[in-house]
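What follows is a group of structures, each given as structure tokens.
First chain A sits with chain B, and in the next complex the same chain sits with chain C.
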Partner chain A sequence: MLEAKELMVFYENMLALNNVSITAETGSVIGIFGSNSAGKSTLMYTLSGIMLDIKKKEAMRGGERITLFGSLTFEGRDISNLPPHARAKAGIVLCPERRRIFPESSVLENLKIGSYLTSVRERKNNLEYVLCVFPRLHEFLSRQGGFLSGGEQQMLAIGRALMANPKVLLLDEPLLGLSPVYQKIVIKAIKEIRKTRGIAIIISEQYSRPVIPIIDRGYIIENGSSVLEGTKEELMDNPDVKSAYFGIE
Partner chain B sequence: MEARRKERIDRGIKVRSEGIYVVSSLKEMLYVAGPRVFLIAGLLLLPLVLEMAPYWKRVVNIMCVYGMLAISFDFLANIVGLVCLGGAMFIGVGGYMTAIFNVYLHCPVYLAIPLAGLAGASICTLLLLPCLSLRGVYFAIVTLMYPLLFTRIIEALNILGGTNGITGLDSFPNPYLENYVIIILLLVFVFGLRRLVDEDIGLVLRGIKDNDQSVKASGINVAHMKALAVFIASFIGCLGGAYLAHLYMWAGLSLFALDFSIIPIAAVTIGGGGSMLGALIGTFILVPLSEFLRFFGTFRIVIYCLILTGFIVFKSEGLLTYFARKYDQFERWAKI
Partner chain C sequence: MDILVYGTINSVTLSLLSLGFTLVYSISRLPNFAHGALYITTGYFIYLFLNGLGLSYPLSIIFGIALTSLIGAMMYRLILIRIRGMEISEIIATYAIGLAMIEGLRWGGLRGTTFTLPSFASGSRDILGVSVDDQRLLVVVVGFAVFALLYFFVRLTRNGLALRGIAQDERAAMMLGIDSDRMAVVSFAMGSSLAGLSAALILPLGNIVVEAGYNVLVFSIAVSVIGGLGSWSGAIIASFIIGFAQILTEKFLSSHFQMVIALLAIIITLLIKPSGILGRQKELEERV
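Entry: the complex of A and B
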């Protein structure tokens, strides 16, 4: 459904992504693993189109020049030059790293912003759905987003992305800074979303141990290039990968 | 796949002239010193070149006053992160202060201007002290309100000459002094501020702009540093105002005019912020331009606005950023 071919991203003269190809089918969960500076966030930004935005801003500011190569197709349509808002409208929704919720709006308002494009009826259904996936959000619907804890904010961020009716959900480091308890809640929610919605989910993570059981296929990225790709089992069986990325001896 | 991309590479001479090794060759020394020498020599020669055109000598003086305001705005906005629209306030307070020292207290010019700078900066800093914790637009509005407040107070209470202003300030003894006082002040403050920004104190100030919580966590009193920065910036502005009052031999309400707040912002936008030199280049373009456009009569403002908008839309990085990049780097197509 979403197919990225030979993606290359340059930050000025630094190669941040080198020939990365990724496909995500409907109903599958894709894991993207790599350490810091591997290029995970760059990949997520490129898929969601935010990179085009950053490129424009940097050019206006006279900062680093960002160059993009490669093709992106979504449902048979070329979306390489589609701006991020149009991609979100088409169904590619990013839940950004560090959550980026609206700190001065209430939880309910945060969720409503996510569903700006959908109809009233859909919004109602989606809201019910999000509250079903994250029942804990019920308790603080009227609280200000900025005063939630990290874990609660992460639930809110994923909820906000779900409100936009995504066909492809991009989760950039959804477990960042979460306690094991909250990690479990988020992982459970991802499983639930996959089961009930049947959408494609792309998760990028550094610490892949909790994520690995729920993925169908995974990519391992090192220094901007995809060094290994395969199903869950293939990744698990690779001895180097086991110790380096999954923390399994 | 025949994909190409344009890459930017530092010029060899730029790399060679980094650090102490620059002294090993004349060419490299020229490369580093060239732009600075060009600016300093150009400014110093300007009054001599314009010997035949006294009107334009006057324009240069006013341009330098705007330059002082622009660097003080640039310093506060792009280094410390306080958007200060107080150019009019600095000019007005400085002008009235020098009038008080010169006319009422009979100080000579060379004493009145520095005293006015210090006294004016102290007043401005004290007045802005309660607003230092405000950020962004709130601080800007407060600094914009003070000049209006001052004009109304002077009008209503009929103090300091009321609407007529204070007349009879001493002028400068000769026209060369008139030119060179402001030019040298400007150069000293531009290079002084650039040095200050690279010192430890500049690091702290830039830190305040980025993340003041982290600065506090490093055990630094943010309010104190901000007050210091406002004092420096208002000192520069007040000196400009004091100079202007002596240039006109008059201190009046028009020293609180909004132009003094707006033109520096436009100049920084055109020149590129954060480097002080960009602010200077901006004023050197804007002020003479507005004089040239006087030929067009009332159409002047339209052309002025069009040029300004064009710069902001098409070269929003600022002229200095653009030229500095061209000076230090070259571009070439690279195959992938």
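Entry: the complex of A and C
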């Protein structure tokens, strides 16, 4: 459904993403693994279109020259020139790294801002759904987003993305800085979303151990290139991967 | 007692004058230095519609405000969209547009004291023992009504919430399908119509003179800097501080100090707390 072919991204002369191809089908969970600065966020930004906005702003300011190559199709339509808000409308919604909650709005308002594109009835259904996936959000619906803890913010960020009715949900480092308790909550929620919504979910993580059991396919990215891809079992059985990424000797 | 009454009136007037400037800045991070020009242009439009085309007064006001908000929206759509993100260019461009409008009006014949708008209400009444004319009361009433409307607009409506989202984190809002440029056009249209509305309310108290355009701009900047750039509640608090300070100096010194007070307040704020009363410096992470 979402198909990226031979994506390349240059920051000036630095190659941030080198010839990466990814496909995500409806109902599947895709994992993107790699260390810091491997190109995971660049990939997420390219898929969601945020990279086009960064490129535009850098060009306007006379800053870094960003060059993008490769093709991106979604449901058979070429989306490589679609700005981020139009991609969100088409159904590709990014839940960004470090969550980016609206700090001065309440939790409920954050969720409502997420439902900008949907009708009032859909908003109501989605709100019920989000509170079903993250029952703990009930407790602080009226609290300001900026006063939540990291784990609570992560639940809110995923919930907010769900309010936009995504067909492809991009989760950029959803476990970053979370306690094991919240990691479990988030992982459980992703499984639940996959089961109940049947949407495609793409997760990028450097801490892959808790994520690997819930994915269908995974890609390992190093220095901007995809060095390995395969199903969950293939990745888990690969000896290099075992020692380097999952800490299993 | 008259200090309290006139101080309140003056403060609400100030916050109404600067509300459009604050709104545009808080949503789009664009300093609209053409704010004063839009204010005075609306006054002239209303005058033209009323006396030139012979339209009725309410109709002239509606058309005048609509035309101004259209100018504001076009300003963003045609010019500012190309330079967004470059602060200095934004200031130069908006200020140049403002100058062109104000001086264009002066050149076009808006000189002297012959241009006036009739007031809506001519009577006067006693408030806490102080006689206040009805037009000034109307300014206060409409001022509070506008604050209340805006408060509910940004909390309850879809577009209002989207505007708040853009104001807080543009990129996060984009990821949720909110079009930043469209929202900037909306904020410019709203900011301009607020400038127009305050002109329609306040100009009948005096003459339509082009210098008012500059004064309104300076007051708006003063209010925004003191309250903290982009902070609505800060702007209202700052309006009350400057408003009362002006009335006090007028009573005990002389009325020439109005502008001095506003500028002095900017300097003091920049010396003591550059971010303003309720303004926040950006998080360290965002700054670097």
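Keep in mind that, in the parts below, the second predicted complex is superposed on the first by the 249 of 249 C-alpha atoms of A that agree within 3 Å, B and C clash if a C-alpha of one lies under 4 Å from a C-alpha of the other, contacts with A are read in each partner's own complex, and residues count from 1 in each chain.
Going forward, a residue touches a chain if its C-beta (ideal position, glycine included) is under 8 Å from a C-beta of that chain, and two chains touch if they have at least 3 such contacts.
This structure is a prediction, so every number in the text was calculated from the model and none was measured.
Superposition model on chain A: chain B and chain C are shown in a clashing arrangement. Residue contacts after overlaying the shared chain place A:R61 against chain B and chain C alike. When both complexes are overlaid on chain A, the residue A:M8 reaches chain B alone and has no touch with chain C. Of the two partners chain B and chain C, more residues of chain A are touched by C.
By the document's definition of touching, neither partner reaches A:F147: not chain B, not chain C. After overlaying the two complexes on the shared chain, residue contacts for A:F69 are found with chain B alone; chain C is out of touch. Superposed model on chain A: among 56-64, 92-100, 128-136 or 326-334, the stretch of chain B in collision with chain C is 128-136, the rest showing no clash.
Residues common to the contacts of chain A with chain B and with chain C across the two structures: 60-61.
Residues 1, 3, 5-9, 272, 316-318, 321-322, 325, 336 of chain B are the ones that touch chain A when the two sit in their complex.
Those residues of chain A that touch chain B in the shared complex are 6, 8, 10, 12-13, 59-63, 65, 67, 69.
Interface of chain C with chain A (complex): residues 82-86, 155, 158, 161-162, 164-165, 168-169, 171-180. Across the complex, chain C is touched by residues 48, 50, 53, 57, 60-61, 83-86, 88-89, 93-96, 100-105, 109, 112-114, 116-117, 160-161, 163-164 of chain A.
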